[in-house]
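You will see chain A twice below: alongside chain B first, and alongside chain C after that.
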Partner chain A sequence: MQLFVNIAVLASIYALICCGYVLIYRVSRVLSLAHGELMMLAAYGLYATASLFSQHPLLAVAVAAGLALAVGAAVYAALMWRMTGESVLAAVLATIALGILLRGLMVLAFGTQTQYPLRDLGWANASFAVGSARISGVGAALVLGTALVYGGLFAFLRGTRWGLRMRAAGQNPLLAAQRGVRLHGIYALAWALATFTGGMAGMLIACDAGLEGTLVTIGLKAFPAALVGGLDSLLGALIGSLIVAGAEVLLIHYVDPLLSDVVPFLVLLAMLVLRPWGLFGSREELDRV
Partner chain B sequence: MSKKHLIAAALVALPMAAAAQNAYVVGVSAAMTGPVAGTYAPVVDAMKAYLEHLNAKGGVNGKPVRLVVLDDQAQPSRAAANAKQLVSQERVLMLLNTSLSSTYAPMVAEAKAAGIPLYFAGAVCPKDTFPPADPLQFCSTAFGANLDSQAALAFVKAQTSEPVRIGFAAMAIPVSRGEIDYAEGLSKTLGMTPVEKQITPPPTPDYTPFATKLKDANPNWMYSWAPWVSQVRTFEAMRRLGWAGRYITWAHLNAEEELARVRDSGFFVIGTNAFLEDNLPVHAEMRAVAHRAGLSHPVSYLTEGYVAGMVLESALRNTSWPPTSQKLLAAMNSLKVDLKGLRGGPLEWTKENHFRTRQYYRVWRWDTSANRVARVQDWRPIDVQR
Partner chain C sequence: MSAPRASGYLRTRYAQDYALLETRTQKACALAFAVLLAAYPFLAGPLALDLANQVLLGSIGAVALMLLTGYAGQISLGHAGLLAAGAFTGGILFKELGAPFWITLPAAALVGAGLGIAFGLPSLRLRGLYLAVSTLALHFIVIHAGAEYETRRGFSTGIVIDPPKIGDWVLRDARAWYFVLLAFALANLLFALNLLRSRTGRAWRAVHGREAVAEALGISVRRAKLAAFVVSSAITAIAGCLFAYYRGFVSAEAFSLYLTIQYVAMIIIGGMGSLLGAVLGTAFVTVFPYAIEALMRVGGLAERLSSIVFAVNYAAFGLVMLLFLVFEPQGLVGIWRRIQEWFLLWPFKQRPLSK
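Showing the complex of A and B:
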């Protein structure tokens, strides 16, 4: 039972992070390699708001979530918007440069010390029993948050006008633009949502394990899960995360903990050999890449 | 190169060389930014603050000490470039490393080529600093491979009347794994039963899968010797899984602050630097120096850098003006620094031993009834021998 809980928590972390990669790629064909840094920036946002509104933790969380959305939209407006019409490679390189810039700025602004936003919010990460297993409060929030994010996104994409526009822009931007869809607004929304979901993962990881520079690397570690599922499929990101997390947890438990670092990439290699476009990805997307 | 260029280069180089000759110049390559900066930047910042304070008081032998700090982000390639720059352009008397062990090789090579001392401060002491020491490598960092595990397991044995079933946690970096492998072997010779060993990769998004395996092995003690993040997260994950045993781990820079955050009486830290709770006169001095320098790190993080500053001062004081690397090496080969209580005794280097001749260990934990950090074991010496 404990293994199932461990898989669910780890898969939730990966799924929340992957969600951002997929949203941006699906809508704008850009692979954001600044996702880990944006995730960490959102976590620092929570740290800042937790200090500012220490008496009102829920307000601090709400403001931090709003900031994450705003930062995503701002990144598009300030940088990625200018990449429209440029090659995909140029856009990807722009995200790499953005990541380096953000990393430096975060060290300057927040220093190198580990921070504990959960403590600043005045909350504790107690654990509770789930059957014969135990799960931490933050672990439960991760699972619940992932379910809500994915449920919300599926409903948004399928059941709302903006969701329909977003899908249209992703499938055929030229046709969508000719039908009156404002592509820049859609892309900005995709960046905002991606930063929000990644940021949510960053905030929850920071609440569980503290906030420090290694968070960026965790952002990259989740990337194979997105590729396994298919880079343009939200369902794929969810399933890919479950597969990678499952393999990781089971190998740690039954084989060797050292394998945990390479498992995501082993699964990814196997997938690239058998089905390069991922479990739920579109074959034509691969051709575009 | 044309004659004009040569003259221009000479004009630029002359004032630099002159400036360098007016001070004792020490070159530092450190992980000031990057993922592990939290461990290393406070050491360099404290050392800089100490030396600025020293310069304000008149410097060493009437000359200021100039620290040239270059950031290597814990990357070997950057460390190599830094070492080259420090030796060839800054003409430093000594190289100093405060970074990950992966940056050591290029700096050792550069120090050897230039024949200048290489001092590790706040970075793990390489084996070459232990007796019989490499002629050029020195170290003042608090932790020492093998000795730390000997002290920690001796403490576990002394604390436990029932049979010890011990688990081990390391990070997947050579220095941590090597030490935990050593501790596992040592535990057997001490009559303990090693039950499980988990090695976590850096970084790990969730420590629970590793903690689950450790908890399932049902140890009554755990020992971890790794970067702080790995040590404390493994412990916290085990506690959340309901494990009720005792856990001993290395007291890194942030240990005192972290004991107050974790607040668990079963969580012990073993270390060789005094805690601020001792409230020594040198602690008041550290606070004043940190305040003057405007350091943002908690004062408890600064001990390691302050010790390095004291060691540098002592070594340079014994290096008469004009300084040469050879004079400095001679001074370092016969050095005894009074650390004013920051450690259990003086730091002593000899020609054979560039680590220290005696290492003193203390153990602390959180006292839940007194609601403060409590000392569980006072200074216990271990002689460092060949």
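Showing the complex of A and C:
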């Protein structure tokens, strides 16, 4: 039972991070390898607002979420729009370079000490029982938040005009642009949403385990889950996260705890050999040899 | 080969078509450069000598990556993994069997070639982004295997390697290392230069340009891709093994993803599709952190910020990489070529239309 709870929590961490990868890739065909750093930046945003509005924790969380949205849009406005239409390698490298820059700046601004934003907010991470297992408050918030984010994203993409434009831009950017969809606006929105959801994951992980450099590694480890599910499918990201998290928790439990860092990448390699476009990815999108 | 730069030079024999250095000016420049290289270790201080050694060592790996990514067009994010494979092959053979360098270096090349096949197999099915991701995954697995070996055998801080020995002579002096590394780097450069002019190199460029056309021209795309991975990986593994000997120490931490990014930055900053670019980029990336530190010391910031020098380095490195990607995608070679053109065409600005 405890294993199931662990899998659920880890899967929701991965899923929450993955949907950032998927959103950006699906809309603009760019793989953002700065996602881990952006997550961490959002978590530091929470840390900053938590000490700023220490009397009003809810206000602090809301401001931090708004900051994450703004940061995502700013990244696109300042940098990534120049990479629109450039080669795949150039765009990916630009995100990598952005990640390095952000990592350096964050250490300069916040130091290397581990921070505990949850304590600064004045909340405690109480755990409670689910059946025979225990789940921490933050863990429950993660599962709940993931469900809300995915529900919201599905509703947004299926039900609203902006969601429709976003899907159109992802399917055929040229045609969408000629029909009057403002691509730069859509791309900026995708970056903002991706940073927001990734930032949410970052904040919650920081609340659970403390805020430090390993957050970036978690961001990178979640990436295979997005690929397993298919890089342009939100449903795929959800299922891929479940698979990767399941494999990771079970292997750690039954085989060797040291494996935790490589399991996602092993699953990824197996997937790339068997079905490179992922479980739910669209096949024709993959430029196959 | 490109057209000769000097006017009044006409090729009259076939041998002249093959010559790497064509005109007298080129030969004179090359000779002057060779003298400078030979004199360098006797003029430079210990830090400058160490920097030069690092540049030479890095250029081997960077040229290998340039062959793969810049010429054959296969994106790889697993370069640090291959360096680690070479270094660990050297380290493990030394620790377990006490093998000398003339066994470990070829062994590293063999392991590298084998891994090159493993890294290259996905390239037969995948392109672009997906290929980059599969090499990234292999990087993590190789590093994990190395770290696993360290912990299992109890070398948790790393493997210490003795310097190479020939008879009684031990390669320890930085000046001696300089000449050894110079020989390796030059041999590697010459090998790459000639390989690119051969059938294999032309096939790589054709595959880079368009695979379907390359196939129609009678090139086996599969073989060309695998050859690119194998050659590049073998050279990289040798570079990794040399790195292990030079440092006298192997540890999985030294081969982080950041190292891969540095190598990719070398070929980006240097300029894609140019061996000169690989060397220039290596020099830039290697010297860059020291330059930043020197700047900070001049500004009097180093004492106050000594604990975060690495963070400043990180941020500045990311920024420079971004600036190159956005404003100078041709890299340092692009700047160099523009300068050359300016002098060649003076007083004009553009090449004549009819040539």
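Following the convention adopted for this analysis, the second predicted complex is superposed on the first by the 287 of 289 C-alpha atoms of A that agree within 3 Å, B and C clash if a C-alpha of one lies under 4 Å from a C-alpha of the other, contacts with A are read in each partner's own complex, and residues count from 1 in each chain.
Definition applied: contacts are C-beta pairs under 8 Å (C-beta built on N, C-alpha and C of every residue); 3 or more make two chains touch, one makes a residue touch a chain.
Everything numeric in this text was worked out from a predicted model, so none of it was measured.
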item	value
First, second, both or neither for A:Leu258, with chain B first and chain C second	both
Partner chain in contact with A:Leu272 - chain B first, chain C second, else both or neither	second
First, second, both or neither for A:Thr114, with chain B first and chain C second	first
Partner chain in contact with A:Leu102 - chain B first, chain C second, else both or neither	second
Partner chain(s) touched by A:Leu79 [first = chain B, second = chain C, both, neither]	second
First (chain B), second (chain C), both or neither touched by A:Gln55	neither
Touching partner for A:Glu212 - first (chain B), second (chain C), both, neither	first
First, second, both or neither for A:Ile13, with chain B first and chain C second	first
Touching partner for A:Arg134 - first (chain B), second (chain C), both, neither	first
Residues of chain A at both interfaces, chain B in one complex, chain C in the other	103-104, 107, 111, 258, 261
Touch list for chain A against partner chain B, complex	2-3, 6, 9-10, 13-14, 103-104, 107, 111-114, 116, 119, 125-127, 134, 136, 139, 205, 208-210, 212-218, 221-222, 248-249, 252-253, 257-258, 260-261
Residue ranges of chain C in contact with chain A within the complex	69, 75, 122, 124-130, 132-134, 136-138, 140-141, 144, 148, 151, 211, 221, 257-258, 261, 264-265, 268, 308, 310-319, 321-322, 325-326, 329
For the chain B and chain A complex, residues of the former touching the latter	33-38, 41-42, 172, 198-210, 212-213, 229, 233, 236, 240-242, 254, 261, 296-298, 301
Complex contact set, residues of chain A against chain C	31, 79, 82-83, 86, 88-90, 92-94, 96-105, 107-108, 111, 220, 223-224, 227, 258, 261-262, 265-266, 268-269, 272-273, 276, 286-289
